[in-house]
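One structure is given below, encoded as structure tokens.
Chains: A, B, C, D and E, in written order; residue numbering restarts at 1 for each.
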Amino acid sequence: MARRHKKTSYHKKLGQAPGSLTYTGPERVWKPSIELIQFNSSSYTDTMYDKSVDMFPHLKEDHVNWINIFGVHNTKLIENLGKQFNLHPLIMEDILSTEQRPKIEEFEDYLFFTLQMLTFDDESESINTEQISFILGSNYVISLQEEVGDVFDPIRNRVKNNIGRVRTSKSDYLAYILLDAVVDHYYIIDDKISQIIERMELQIIEREGDNQIVTKVVNLKKDALLLRRSIVPLRESIGNLKKGTSRLIEPETLKFLNDLYDHISIQGDSADQMREGLNNLIELNHSFQGARLNEVMKTLTIISTIFIPLGFLAGLYGMNFNYMPELHYKYGYYILLGVMACIVIAMFIHFKHKNWF
Amino acid sequence: MARRHKKTSYHKKLGQAPGSLTYTGPERVWKPSIELIQFNSSSYTDTMYDKSVDMFPHLKEDHVNWINIFGVHNTKLIENLGKQFNLHPLIMEDILSTEQRPKIEEFEDYLFFTLQMLTFDDESESINTEQISFILGSNYVISLQEEVGDVFDPIRNRVKNNIGRVRTSKSDYLAYILLDAVVDHYYIIDDKISQIIERMELQIIEREGDNQIVTKVVNLKKDALLLRRSIVPLRESIGNLKKGTSRLIEPETLKFLNDLYDHISIQGDSADQMREGLNNLIELNHSFQGARLNEVMKTLTIISTIFIPLGFLAGLYGMNFNYMPELHYKYGYYILLGVMACIVIAMFIHFKHKNWF
Amino acid sequence: MARRHKKTSYHKKLGQAPGSLTYTGPERVWKPSIELIQFNSSSYTDTMYDKSVDMFPHLKEDHVNWINIFGVHNTKLIENLGKQFNLHPLIMEDILSTEQRPKIEEFEDYLFFTLQMLTFDDESESINTEQISFILGSNYVISLQEEVGDVFDPIRNRVKNNIGRVRTSKSDYLAYILLDAVVDHYYIIDDKISQIIERMELQIIEREGDNQIVTKVVNLKKDALLLRRSIVPLRESIGNLKKGTSRLIEPETLKFLNDLYDHISIQGDSADQMREGLNNLIELNHSFQGARLNEVMKTLTIISTIFIPLGFLAGLYGMNFNYMPELHYKYGYYILLGVMACIVIAMFIHFKHKNWF
Amino acid sequence: MARRHKKTSYHKKLGQAPGSLTYTGPERVWKPSIELIQFNSSSYTDTMYDKSVDMFPHLKEDHVNWINIFGVHNTKLIENLGKQFNLHPLIMEDILSTEQRPKIEEFEDYLFFTLQMLTFDDESESINTEQISFILGSNYVISLQEEVGDVFDPIRNRVKNNIGRVRTSKSDYLAYILLDAVVDHYYIIDDKISQIIERMELQIIEREGDNQIVTKVVNLKKDALLLRRSIVPLRESIGNLKKGTSRLIEPETLKFLNDLYDHISIQGDSADQMREGLNNLIELNHSFQGARLNEVMKTLTIISTIFIPLGFLAGLYGMNFNYMPELHYKYGYYILLGVMACIVIAMFIHFKHKNWF
Amino acid sequence: MARRHKKTSYHKKLGQAPGSLTYTGPERVWKPSIELIQFNSSSYTDTMYDKSVDMFPHLKEDHVNWINIFGVHNTKLIENLGKQFNLHPLIMEDILSTEQRPKIEEFEDYLFFTLQMLTFDDESESINTEQISFILGSNYVISLQEEVGDVFDPIRNRVKNNIGRVRTSKSDYLAYILLDAVVDHYYIIDDKISQIIERMELQIIEREGDNQIVTKVVNLKKDALLLRRSIVPLRESIGNLKKGTSRLIEPETLKFLNDLYDHISIQGDSADQMREGLNNLIELNHSFQGARLNEVMKTLTIISTIFIPLGFLAGLYGMNFNYMPELHYKYGYYILLGVMACIVIAMFIHFKHKNWF
């Protein structure tokens, strides 16, 4: 499983030289593995390697070489990779720092993508994040995941079974569909949170206000913010990329990037809508809370306003004065009961008139 | 009737290749149909075709060919259309995904428009959405609707009866008036919601706060957001289009696009105004709620403050002490009644002074 | 008098061809009239015409011709005017649609201005709007008003009596001072609303919260928004115009446009300030409402906390148990009174200490 | 002293020709005066003139001529000045209209600056404003103040005693230090308001909410807005000026303008911070108000919940039924007292448990 | 220790000439000291100097000379430094004014950086600020700190022990890692405040609202604002610097600046998130406060609604009317007790039904 989003203890790194390689994510002990998928329009091979193997000599010139690395917590592996592919030290640092802001950086020989894979944990109703990085070279794509996950399974299938245009395209198209696969997951998050919001709205309306919901809304707001922070910088980066200045991006891929940009824009809008929806929930709850207080107070006021004066009257004739002529009237008691009934009726009419029932 | 706006289950598509054609709207079984209207300044023909017919051979060079397609849920039809008119796969995907963000995309040979047709359901007081797409080529316009609707009836009439300049203009003017027809419907939404807001405002003022209104306001806020999301990206797209860089747009059409841009800007302002109006409603309700609570509490306080002390006095002389001289005064009872009356009067004056009545 | 701002029923026009002429304002039956003022540095003539007269032949080449039209509800008149001066159909449509967003549009031969004349109705304390349009040609200015009003009277006087530089300037300067006259009226609105806000603030403070004020604030907010919507697009338009790209604007007029731009900017700031002021009012009222509730509740609590225990004591000794020794003490009654007095004093000290008085 | 900021009655001017000279500030009767300071690196003279004297002939070519005018309410004086220095009529109008938005306007031969001098009145705890205008020519600076004030005294001293670089610089540096002197005063305002906010914060915390503070906060908000409105347009203007396009600004002065720009930016941030601080105060007060209400209600509830049931029990045994066996038990009274004590203790434990104390 | 952030009394400087040197921070008496570190790829020397020594003659041409100055409160020292390195007077003023807005200014021969070093005081849970300035010349870096601190210790070590690329790089890389070291500290602040927010959130939920938290939130809001104000202008400045227009920045350093820019962007986002988190806390507290009031009022209402009517009944049969037949029924008392029990049960059911328990 992926890791629940939390601030990484960045200060592990305080005082270190920039570009020095330290893994900042949660501790992991399992052995990372490397998968090399090589394909062109006519051939397809898929090989698993041990982490200690150098990838570079295995690349084939006329193929698209997709190096899929599971587990970025192995500093050695990343360092070795960096040397083979001549990566900038800061890039390697970024791969290892698992709380990067999404970005796309252009270098002479390759493009570096880093973004957040978001999955929704239905049980805790919160978002888990995993950092995914890509390096796009002229004939290779390196994808780096924190976990052994299945996010790229459908793409592996598509490549294997030659679905769509991936086999006839260059490495940039592969990078695009990897990006697209990650971004598509944002829709699920969006969907899930929207459903929760809808459900909570009903809850509030049914129960006429619900205090615990506010705690939950505050937590969902954090998730919505997280979603937003995964989306907004990515949108900007893809916006730059789709201008087509990088020679690594083929012209025909640009239309696809444009489409991806649109998808991300929709999600950006959704994240904003989500926030608004959550704020509305708080407002709704607040409003019901107020309404409830009003109702409670009305009940109290009606009962008090009716019985306190009656109680006073009863007390009055419970007094022990020697000379209280009413006490000796034959029908005094019944007259008093009548007066009390009149008071009750008058009060009822008064409150009815005031629209309190 | 059109479909109530809701999140489509986008994840139907998760893991599919980009550009793969899957219809994402609500399920539909009726057979789609195609209408071909061909006109120039002197002739006009209107023909209905079965979905399986190829349109391309029927186009006439010196006419404007308006291909109006009802029902975009038929993947086959769209695919076939795409092949005939050489449309980009992503465009076809966009036509089938019925929750597109409004946009205008420029291609070499054609312009693609997609926008939301909004209608207001008076019964449920909510907005229904339908996606409308256009493809504008040099001598044709393809319009694609989800439903067999009547939104373009007035335009068909105008073309048929040669009203306005449509018969003497090129296909870009037809596309413009189709756009204009959709955008004009936003005014109705705006109008309807404004009326509802006005009505609810009166309700709140009359009933001095109304709890159910908040639920309704929250729903209308979603509608206002939907309206806004239909408008803002469209405004931007038309803003780009009216710069006149596309060779498919004739110079004389630009003034009309400018006008359309103004209309959309007004609607954008209206959507903002609507939101502000809805927020004001909540504030108003909140304020009345508070006022009401104050009034209830004043009633309770006045009654309690008067009768609790009186009740105490009555209780005092209801005590059974052997030696309570007041009880044996001849006018003790009347004196006490007098004291009580004085207390009531004093309290009244006090509350009057405090402006509580 | 001008008309109270309300949404016009735009859908009258739904389905009509763009540029088709339909008057969308409130119904009017009086006959429109045309005034032709012609002047140069040495001569001045002022003639009233019937609506059916063609203006164009009356224009004098070496004069500034100011055609002032009262009543734009006459579609015929506007249509005729459009033909004479070769106006774009959309311009004529804009003149007739009385709810235009303020704008300035540049055409080959003329500039079109449309803006909102705002007047403040002191009785209903609300804003009335009237659409004013100008067409500025090389040697003429056409001004179109919905009503026979006196907004341009001071300008007519200035022209007649040769005050300022209007008689020695071209038509663009006349257009500028007409604009300026309309914009100056915004100051009055601003002033009036500011005074009302100030007055309401005092009311709230005096009455310690006032429920009806919220209803009024919500109405004023609509007015402030209306003011803002009249100002913001106009500022933008004038900002474009003062760049001096139009050949109809003389260079020396640019400084005046700059000044006008500053005025509008001040008003834009004022409108924002107004909104903030109105929001503050609601906050103020809310705060006083809360304070008042607190005060009411304190009163209730003090009275209850003192008398309920006393009442209990009185009730205690009103019980009819056979054996209650206190009842037979000679000074039982006085001792109890003493105890009660102690309780009251203790409570007083307690509440004083808690700062409740 | 300067005048308390209030809306000037702009409509005095309604209907007048633009550029016509009317003083719009508060009425003043004292005679304005003119001070002419002339200096270069070697000489310094300071002369006071009567308002009727023409300044232009007194200017010395190889000196910086600083004309300091006290009292802009004299239309004659300003008109005369305008003629001598060939000022644009709108500039003269701006000098006389004392509610100008801060701005810097570039003309062929001179730069016009107008800004707000803000002073803080410690007694009323509010801001007074005075409009200050400068005209910077190639060898002269005209400064115009509404009042005879001492804001420029330190600068006069610096010039006289040859402190800093002013005597060796041109007129643009003098204009800069005049500007700088005005802007420096904003720091005081900022400081004073910050102190008041700090003080009020303590007050709210000590008194646990304070109703009158809201009235004050609303007033301070107006002051903060005023500060902001003095700063923001000025920042923009100086931002333009420091680009160095005006030939009146020497290159070495640009660094100083840059510095001034930084100062104004800090103040802009401060004004925003102030607003946030004021909003926080309201929130704080609101929160304490709510807490206080809770406390009051708890007191009431505890007392009522304990004594109302006890009172009921007492009332029960005060009934006069013939057959009430408990009344005749020997220890009935003491048993009841015991039961009552138990109830009180149970209630105490209950409330303690609920954390109400 | 560093100084707690507070407004410096800027008006110390009011009326002084711009560029005049006055230290505006808190008073300090200790003697400042100067450290000169000189290194290149092969050599490293570290010398401490007295403040009165001129640095310039000690610089070595082929080394990077790092002059680290502790204590900027010594005006003499700064003045002397300025003369030696030919610094602009305004730069020296900026070094001494300890409340500068972060900025990077480009001069012909050097770059000037000023930024805020933020440290978190765990005890008072507030931020301390210290101004740090750098001057980057072609072969030297001057760093100026207010305090003798250890912020640059790790860097000194890195230089000494030849870790990373600092010894093989030019002075611009040294400046970069100094900047980076300061910026890295912002992460700690961010971390600490996030933890406090998390902790307070739990507190509010546990205690069901907590009044004192609002006071704390308001204080943390000020800290978040301070963080933001340290970050936002710096981001902008570094954004400009990384465009690479300064000849003092080597091309290979640009990638590092880019990385720094990303770090600062993350922190900017964090500061915004912090603010949102703090606002959520207030909302949460507000919501719990409301819920608590509701609970209190329900308790009161339930008790009152049950016992006030019962009390009335008891009072009724405590009356002393001569003729009250119920009093003489044999089972009157028991019947009444039964009626009372019924009322209690009915009320219970009623409140249960209303969901009040």
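For the reader, a short list of remarks on this structure follows.
Definition applied: contacts are C-beta pairs under 8 Å (C-beta built on N, C-alpha and C of every residue); 3 or more make two chains touch, one makes a residue touch a chain.
Fair warning: this is a prediction, and the values are worked out from it, not measured in the lab.
Number of steps on the shortest path from chain C to chain E, with steps defined by chain touch: 2. The set of chains in contact with chain A as well as chain B is empty. A rotation of 145 degrees, rounded to a multiple of 5, brings the CA atoms of chain B into register with those of chain D.
A straight line joining the Cα centres of chain B and chain C is 26 Å long.
Averaged Cα coordinates give chain A a centre that lies 42 Å from the centre of chain C. Centre to centre, using the average C-alpha position, chain A and chain D are separated by 42 Å.
With touch defined as above, residues shared between interfaces to two or more other chains in chain A number as follows: 286, 290, 293, 297, 300, 304, 308, 311, 315, 318-320, 324. Around the ring, proceeding from chain C in the sense that reaches chain D first, the chains are ordered C, D, E, A, B.
Note for the complex: chain C touches chain D at residues 153-155, 158, 163-166, 176-177, 180-181, 184-185, 187-188, 190-191, 194, 201, 205, 255-256, 258-260, 262, 265-266, 269, 273, 276-277, 280, 283-284, 286-288, 290-291, 293-294, 297-298, 300-301, 304-305, 308-309, 311-312, 315-316, 318-324, 355-356. By the touch criterion given at the top, residues 7, 9-11, 13-20, 88, 90, 93-94, 99-101, 103, 105, 207-209, 211, 214-215, 218, 221-222, 225, 229, 233, 282, 285-286, 289-290, 292-293, 296-297, 299-300, 303-304, 307-308, 310-311, 314-315, 317-320, 324, 326-333, 336 of chain C touch chain B in their complex.
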